[in-house]
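Note that the chains take the letters A, B and C in the order they are written out, and that residue 1 is the start of every chain.
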Amino acid sequence: MKTFKIGGVHPRENKITAGQPITVAPLPQQAVILLSQHIGAPAQCIVEKGDSVKVGTLLAKANGFVSANIHSPVSGTIAKIDTVADGSGYQKPAIYINVEGDEWNESIDRSEELIKECNLDAQAIIDKIDQMGIVGIGGATFPTKVKLMPPPNMKPEVLIINAVECEPYLTNDHALMMAKADQIIVGIEILMKAVRVERTFIGIEANKPDAIELFKQKTQNRKDIEVVSLQCRYPQGGEKQLIDAVIGRQVASGALPVSTGAIVQNVATAHAVYEAVQKNKPLIERVVTVTGKSLARPGNYLARMGMPISQLIEVAGGMPQDTGKIVLGGPMMGRATANIDTPTGKGTSGILVIPESEAHRHEPSPCIRCAKCVSACPMGLEPYLLSKAVAIGNLEIAEERNIYDCIECGCCSYSCPAHRPLLDYIRQGKGKVMAIMRSRAAEKK
Amino acid sequence: MNKLIVSPSPHTHSGLSTAQCMYGVLIALIPTFLISIYFFGIDALLVTTTAVIACLLFEFLIQKYLLKKAPTLGDGTAILTGVLLAFNLPASIPLWIVVIGALFAIGVGKMAFGGLGNNIFNPALAGRIFLLISFPQQMTTWPTPAPWGASVDAVTGPTTLNILKRGNIEEIANIDVINTLIGNSGGSFGEVGAIALIIGFVYLLWRKIITWHIPVSIILTVFLFSFAVTIKEGLEYAIIFAELQIFSGGLLLGAIFMATDYVTSPMTRGGMILYGILIGIITVVIRLWGAYPEGMSFAIFIMNGATPLINKYMKPKRFGEVVKHG
Amino acid sequence: MNIITISIISLATIGAIAALILYVIAQRFKVDEDPRIDEVEKALPGANCGGCGKAGCRSFAESCVKASSLEGMLCPVGGNKVMQQIATILGKEAHEAESRVAVVRCNGSCQHRPQTNTYEGAHNCAITHNLYAGNTGCAYGCLGCGDCVSVCSLGAISIDPETHLPVVNIDICGGCGACSRVCPRNIIEIRKKGPKGRGVYVACMNKEKGGVARKACEVACIGCSKCAKECKFEAITIANNLSYIDSDKCKMCRKCVDACPTGAILAVNFPPRKVVEPATPSTETTPSDNK
């Protein structure tokens, strides 16, 4: 079975919500819409206090090339435009909407009917995706239209659909694949048309045999879409690792992934593209896996953006007594939060409630140079060395040893028997080194 | 509800801790320990116990009273050092020498460099080499193995390596390879049972505590190198000679348990293989042309010293370095 | 006897030859350096803190010797005393510069600012700051991991085990600014060191609106501008819901301290006030008291 070539780990999968169908979560009473639900500049608010909005009304416009439109996920009245503490606890600009009923914009086609035909040309498709505020909803929330418009000197050859879901616990993509296979395939066709490629691989990890079976069956008569079953290994869902696993090409250090000729899109993004292009539906809701060993009703919930995570946890059976940590996303790359009132956004793939017994980090002990981090690193770096270099402030060594290649997957900290916070330091150093490199490049110009 | 915990990602761990690695190695040494008790009797047990207790005691005293920090005896590293030191000693050695060896191993080999993780040389090996140089008489007096029940023979027998070194072809041809495999031969009591050591190796690989790179590269190098230098004496002889080189002396114990010591071995796969090959070459050179019959300890010791250099120059294969194809 | 003689003679010869070679080489490769550089370096405190803007004490000494005038040159650690010595060594005129000191502008001890969650990552302020707002409700306050402590080459800062806040020892601190640069939240400010180390400053950096700030911390500045109204010297400005006292303009009358409704303004190293007398800017009248 195919997989990527360097490093990687296989954490316990803990996919307790696997096989659970998508349940629609109730609407919140007040939705709080962050203006920054994507990588890049926060969107520019275009509504005012007191305005009434419907589901799908444009609330904020993309502010620059790497940015995305934000639409209203609920109908009601704008209560205020203020700040809200996001998952990190820092105050971020946000729009508060008091929810009244559930009235949708007329332009959105809410029927279940599958529309296969798409008569738009590539540019029109990309414009539509841009308009509807689609971002990569695998977690990175990079605006999709930017990825669909590679630099003119790079010609994409294949499209790779990321249906790997290598993060433990998360099953939102799996649930979506089982429920919306036809829509996803139409979404893939649209994406292929947008980037003008003839061939698509759907990468699915072997722990989802039902999804592999379903997609193989749906695509058995076609030559342009191929399902690739991949060995379960983290971080296979990383863009670079996935390209390596599926077509055996490695992105050079510092290069764009598209330089290998592959464009990677998440499977849920493909579904969002279908809804945007065929149904005129902006990205206002997504499947969120609310999971945890002590939750009463863990599941895959279709939730509107802007719902406080405490309400989603309530829907899943309420906050367990023994909760020790709440993570937005999966346990390997998700962000722990102390703020249970933080609203969900386009990038919230999961809410993981970890019981206290499993939530603590162990006290670090001295590095015994066991080299487990070196073997685990999927980028071929030396985490022990980088982490130490950053801790003692020697950024030259860190740069010389390619700290900027780090994808922050966490395999090093995960495998360290001394429980050293390797990634904590490397992430910090990577930020600093990249800032130095940028300022150096700017000076040269 | 309790206060929530916040930390950077990842929020999960493989569960393998330093102590578990160390205890894993100890478990892997159990078959060897049993074999040594079978052949060397109560002496093997006494030497091991003394070494372990002495190592633990010295580690405790140094950490508590010299370094003034909380002792970390629970991580199993001092126990492991004690066991490995003992396994590298003859069963008949006076116990006070074992204590001196333990003091040197822990005090000089480990703590003087800054404790766990900072030592350049494998502490057990440092202890053994110190004893070998300081007490050459006691350190090279090997009791003849006698299966459990039989009275332990006080007469010291030649080790297989002594015979190999003498290079008498007839004598070598008479050595029973089976005896070296099960451990019925002279030598330090932890190094004689080849099969038991290999069982331990398989266990370590299965638990993913070590990788195959260092042991396999050492063993292959020793085999090929000693085969190459004796091939002129005939193919059959060369094979037996090379086989005996592997199964005798501290080679397997060294290759599997001493050279793979995390702290003192290289970090990258390539570095590990280079380290293994060089240990193999140095071992054979010392065994065949050096003053000592056994060269494994010295070979590992020398390469321990070269490890920082290997770490500096042998970098892991980076992602994206592979030539693009397709 | 013979052997001993031979050994002594041969050893002595080897020694003599080695000494000769060393001498010749030392003469050959001698670098001519102004001997005053060494003298100046000796006078410097040797903290190598970089607070003067040079790479270290040696490089500061070099530039002192080279410079035509000592104006603008200040070793923040040694202060005027050391600069005076250097001036004497070099025969140049000394320029008085006011001494400066690091001030921690956060008073959010555990008592004033309740902990709302537990942080378990690497013990490093910069990492914590990048991760989240911290283990209290205040996104501007001290994180208490001690980056400032580890960066201080003089050992002038320590974390108070009770308040979890950094404490600057003003007798040691030279105001080099290393801590101020390393603090991810810019809590540490280098301010003018008043007579006997006295100072009046706003011990808060919270830029939130009053209510939010106060909710997170009892002693937060809520930007009410009462202090600014009270101040006769226009030393206080309010920006972003936060008050700031300019140490160059402040005359240390301490009226603002009394005016502050939350107790966010601290007056440090003043002698305890006499109850009867109204607060006067007393400088010379009371005996020195550093705490």
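By definition in this document, contacts are C-beta pairs under 8 Å (C-beta built on N, C-alpha and C of every residue); 3 or more make two chains touch, one makes a residue touch a chain.
Keep in mind the model is a prediction, meaning the values are calculated, not measured.
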Distance-to-centre winner among chains (Cα means, whole assembly as reference): A
Among all other chains, pick the one whose mean CA position is farthest from the mean CA position of chain C. B
Averaging over Cα atoms per chain, report the distance between chain B and chain C in Å. 52
Centroid from C-alpha atoms only, then distance chain A to chain C, rounded to Å. What do you get? 44
Could you put a whole-Å number on the gap between the CA centroids of chain A and chain B? 48
Would you mind listing the residues of chain C that make contact with two or more other chains? 116-117, 120-122, 127, 131-132, 135
So which stretches of chain A touch two or more other chains? 335-338, 360-361, 421, 424, 427
What are the residue numbers in chain B that touch two or more other chains? 4-8
Per the touch rule, the chain C residues reaching chain B in their complex are 115-122, 127, 131-132, 135
Per the touch rule above, chain B residues touching chain A in the complex are 1-2, 4-14, 16-18, 20-21, 72, 75, 77, 115-118, 211, 262-263, 265-269, 272, 315-322, 324-326
Quick check on the complex: what are the chain B residues that touch chain C? 3-8
How about chain A: which of its residues touch chain C in the complex? 85, 87-91, 335-338, 360-361, 391, 421, 424-425, 427-428, 431
Which bits of chain A are touching chain B when the two form their complex? 5-6, 9, 11-12, 168, 240, 244, 247-253, 255, 260, 319, 321-327, 331-338, 340, 352, 354, 356, 358-362, 365-372, 374-375, 377-382, 384-385, 401-402, 405, 408, 410, 413-415, 417-419, 421, 423-424, 427
